[in-house]
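I have placed the structure first, in the form of structure tokens, so that the comments after it can refer back to it.
As written, the chains take the letters A, B and C, and residue 1 is the first residue of each chain.
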């Protein structure tokens, strides 16, 4: 905990963190100062004037809270009549040209302007002249749709493009009530974080083409999760909803603040990776291309395992630590050779040093930590000798072309424990559906050696089992997540202090000795 | 045995077997239309055959067709299927048989031989009725028990307790009645009531035994499981009570059994308390003697009644909303024509009696028919009372029911016996 | 004393009432009065001869729903989901989509009302910001013999006309 200072808000003494501006400092203790243009990641701009507060120490009567650092003994005035009046007046100013688009606006329900109108303004419109007409539904590229009429010209999006992505595609053109955000002609948004402006926009001026009109936001259930798109492990909010008579479906991923990992943002690819959770899923267990009940298929698997002389077990680098431990004990029990070969998951040169990583797998550090061999030579050698390959959701098509794969697996039976009904699953002799990352709870270690836990977010109508449970059904001695977690403690000593569901939300930073504790 | 003997046996058995069955339709019709009129609505009046709705009687046909063609379900959980099927049969059969001893006309004397107008000419009379009415509750208990259903069992238990409670006052009411009549033979009881008290009051049971009558009627309501004593069904708390698991014709037989029981107990009430088949003020002997004046009187009365009845039909049987070429007017015209035809037929029959030899077999048969009609009219009026009570009184609470049976009716019946016995002893 | 207090006598205490039979006869006299009156003249029955005589539907009656249209016949609804959000029976199922005719940006692609689940509370009408859904069709009897036909779809909702004129509807205060 950083240093704390004491100051007064409306005459009441509160203790806040030092070194922050008033909005953040007081906001952290639950007292909200309305603001539109200020965003902690983008710094203070001071253009919206919504955060004007009074300081009773001889300063000018009103100061913007976003630009004012919190100081000890400060007397902050929030509920005085003149503060209320300025808030009301600012709201009225913002709403002069704001269209009544709420019924068709995707932001409605999470719109700052809407919220502030309800809590700070409620002015009746006094306008007698027609509203200023601006362009609507402008395609800014990268899946961002802009509505200039709804914009309050807070400039968050402009600052994001300048400060964070340093691409500067957006700018505010014209002045006064004709001011509007726009792109330069012929140069649309072109960066891999562009959709963050949709989250940043406090109103509905920036909307996502992907999410546009799909759902009203108040229907969405929000669950915390971890993006499995790359080794960064960005913290996300999984927003899903079960419509009447239908299945629970994820509608969008949004970044969730974690200063240790991703800050406020995430990349567009990760944001859109929610589609993989919904589409192309393997839903039914298959035995040589016939749909059969899971119990039958599992029995057939056990027969195959008994019949086979040598077995190779292949793990996905996206599996959670619990699943890896479960599969590891399974393969030890079966006497199989275990591999985590997944070179195809690495796209060299794709990383940008900010959030996007080369490695597109979520838990390669976990494979290393558990001492699972990941080399191509040992995997191929083992496959050539083995009669049976049990593939736990490792997408081999990323590492091999189809013909290479056919050649490699021609004498080997394949049991695919897979989330998706893709080419690889189609090649398998036996296919077993399993849960994707939003449908189970587990832990991951990201590229920075931070161990993060995530909970189950989505419950499908027919919830598939997760890999750990399938491993248990195939004979792994670790039957439950608690047992898996207990086993995990043997590898990661710091977990001794935690239970599976009490891991800190911001993640555990593993030190080098633990990460190096490979064969313990 | 002559041919006439055989014909008379067939006639009387047929009468006591089929009249209750025919009256099921009449009862149901009276119940439903009556309920409608009591509640200011019209009751079933839509079902028709070629536009003829017979004042709603066609609805009975529709209901019967529905019940016959419905799936007859015996749930899988019912273990004793035999008893399950037997139960409605018992209810129906006992109700039907209990009517068999009721005389529907005075003894017919034709050709020097007398023929008793009763289904089963038994001297047991009233005791037969009591025993079969008591037995009918076995059907209900069996139905409730074999349904393997908690509501069914509750209904059956209520029914059993209720019958035990009300059979005692009923029996005691009859005891005091028997003290007056001095016989258990129902025909003799009916003949007894043909006399006149003080020369101008019919010596009916209702006059001689008013308290006994009240007790008997209340107990009879309870025995037939009619409102306000239909706790065995109790829709609101027991769903349907004992017949909750029954469907289609098995349910229909329960339903019909209830109406037959109502008819039988109405007949019994009429026989015991309202002079049975006796025409008021006119004993059998008087009627035989005065057959021709009576027939002449009827010849005058029937067309007059028919005239007013036709007017009522014409008024009532119209559509109460604007309608071109109202088919109900045509319907009414057809009914009136048919009824006038019937009246003409009756007039011819009565004319024949007028011109027949006086005091002969014709007069005897005429009197029997007259008494038969009187009996049926009386029974119909009693059935109307049943319906009337049902649509007036709410159902008793169970404790009220038992309290009424044991604390009111039983002491009252005992008291009645003492008073009656004292009178009879004093007068004789 | 704010509220008026009226003390009711408890009935059934007097001897005459406790005899019970007398009260029964009184009651039976009442019911027989009704019976006899109706028997003599069956025009006095309190009966509407439905279906020949249809009830008069007032403007504020909440009948089956319809979606209103612009003058050119296009749907007014912008799929804001207010009705679906407010529906206590969860009987409205909307799917929104892009509107390309320039009137606005959003419109319903699918709009389903499950009449078997609808409780006809009228909250959807009250919630609608655009007067796009109304319950003024005057249709009170919704019958069919299969479940699917009770789910109203967009075309049916749009083509069902209102039973009242615009002035009547506005005056009805709905």
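Everything below uses one rule, namely that a residue touches a chain if its C-beta (ideal position, glycine included) is under 8 Å from a C-beta of that chain, and two chains touch if they have at least 3 such contacts.
Because the structure is predicted, anything quoted here is derived from the model rather than measured.
**Q** So, comparing each chain's Cα centre against the centre of all protein Cα atoms, which one is closest?
**A** Of all chains shown, the one whose C-alpha centre lies nearest the global C-alpha mean is C.
**Q** Comparing the two chain pairs, does B-C have more C-beta contacts than A-C, or is it the other way round?
**A** Here the pair linked by more C-beta pairs in contact is B-C.
**Q** Mind checking the centre-to-centre distance between chain A and chain B? Centres are C-alpha means, answer in whole Å.
**A** About 83 Å, centre to centre.
**Q** So how far apart, in whole Å, are chain A and chain C when each is placed at the average of its C-alpha atoms?
**A** Result: the chain centres lie 47 Å from each other.
**Q** In whole angstrom, what separates the CA-based centres of chain B and chain C?
**A** 46
**Q** So which bits of chain A are touching at least two other chains?
**A** none
**Q** Given the complex with chain A, which residues does chain C contribute to the contact?
**A** Residues in contact with chain A: 78-82, 85, 90, 93, 96-98, 104-106, 129-130.
**Q** Give every residue of chain B touching chain C within the complex, in rising order.
**A** By the definition above, chain B touches chain C via 34, 36-42, 214, 312, 315-316, 319-321, 323, 388-389, 391-393.
**Q** So in the complex, the part of chain A that touches chain C is made up of which residues?
**A** So the residues of chain A in touch with chain C come to 102-104, 108, 136-137, 212-214, 216, 218-219, 243-245.
**Q** Touching residues of chain C toward chain B in the complex: what are they?
**A** 21, 24, 27-28, 30-32, 34-35, 38-47, 49, 52-53
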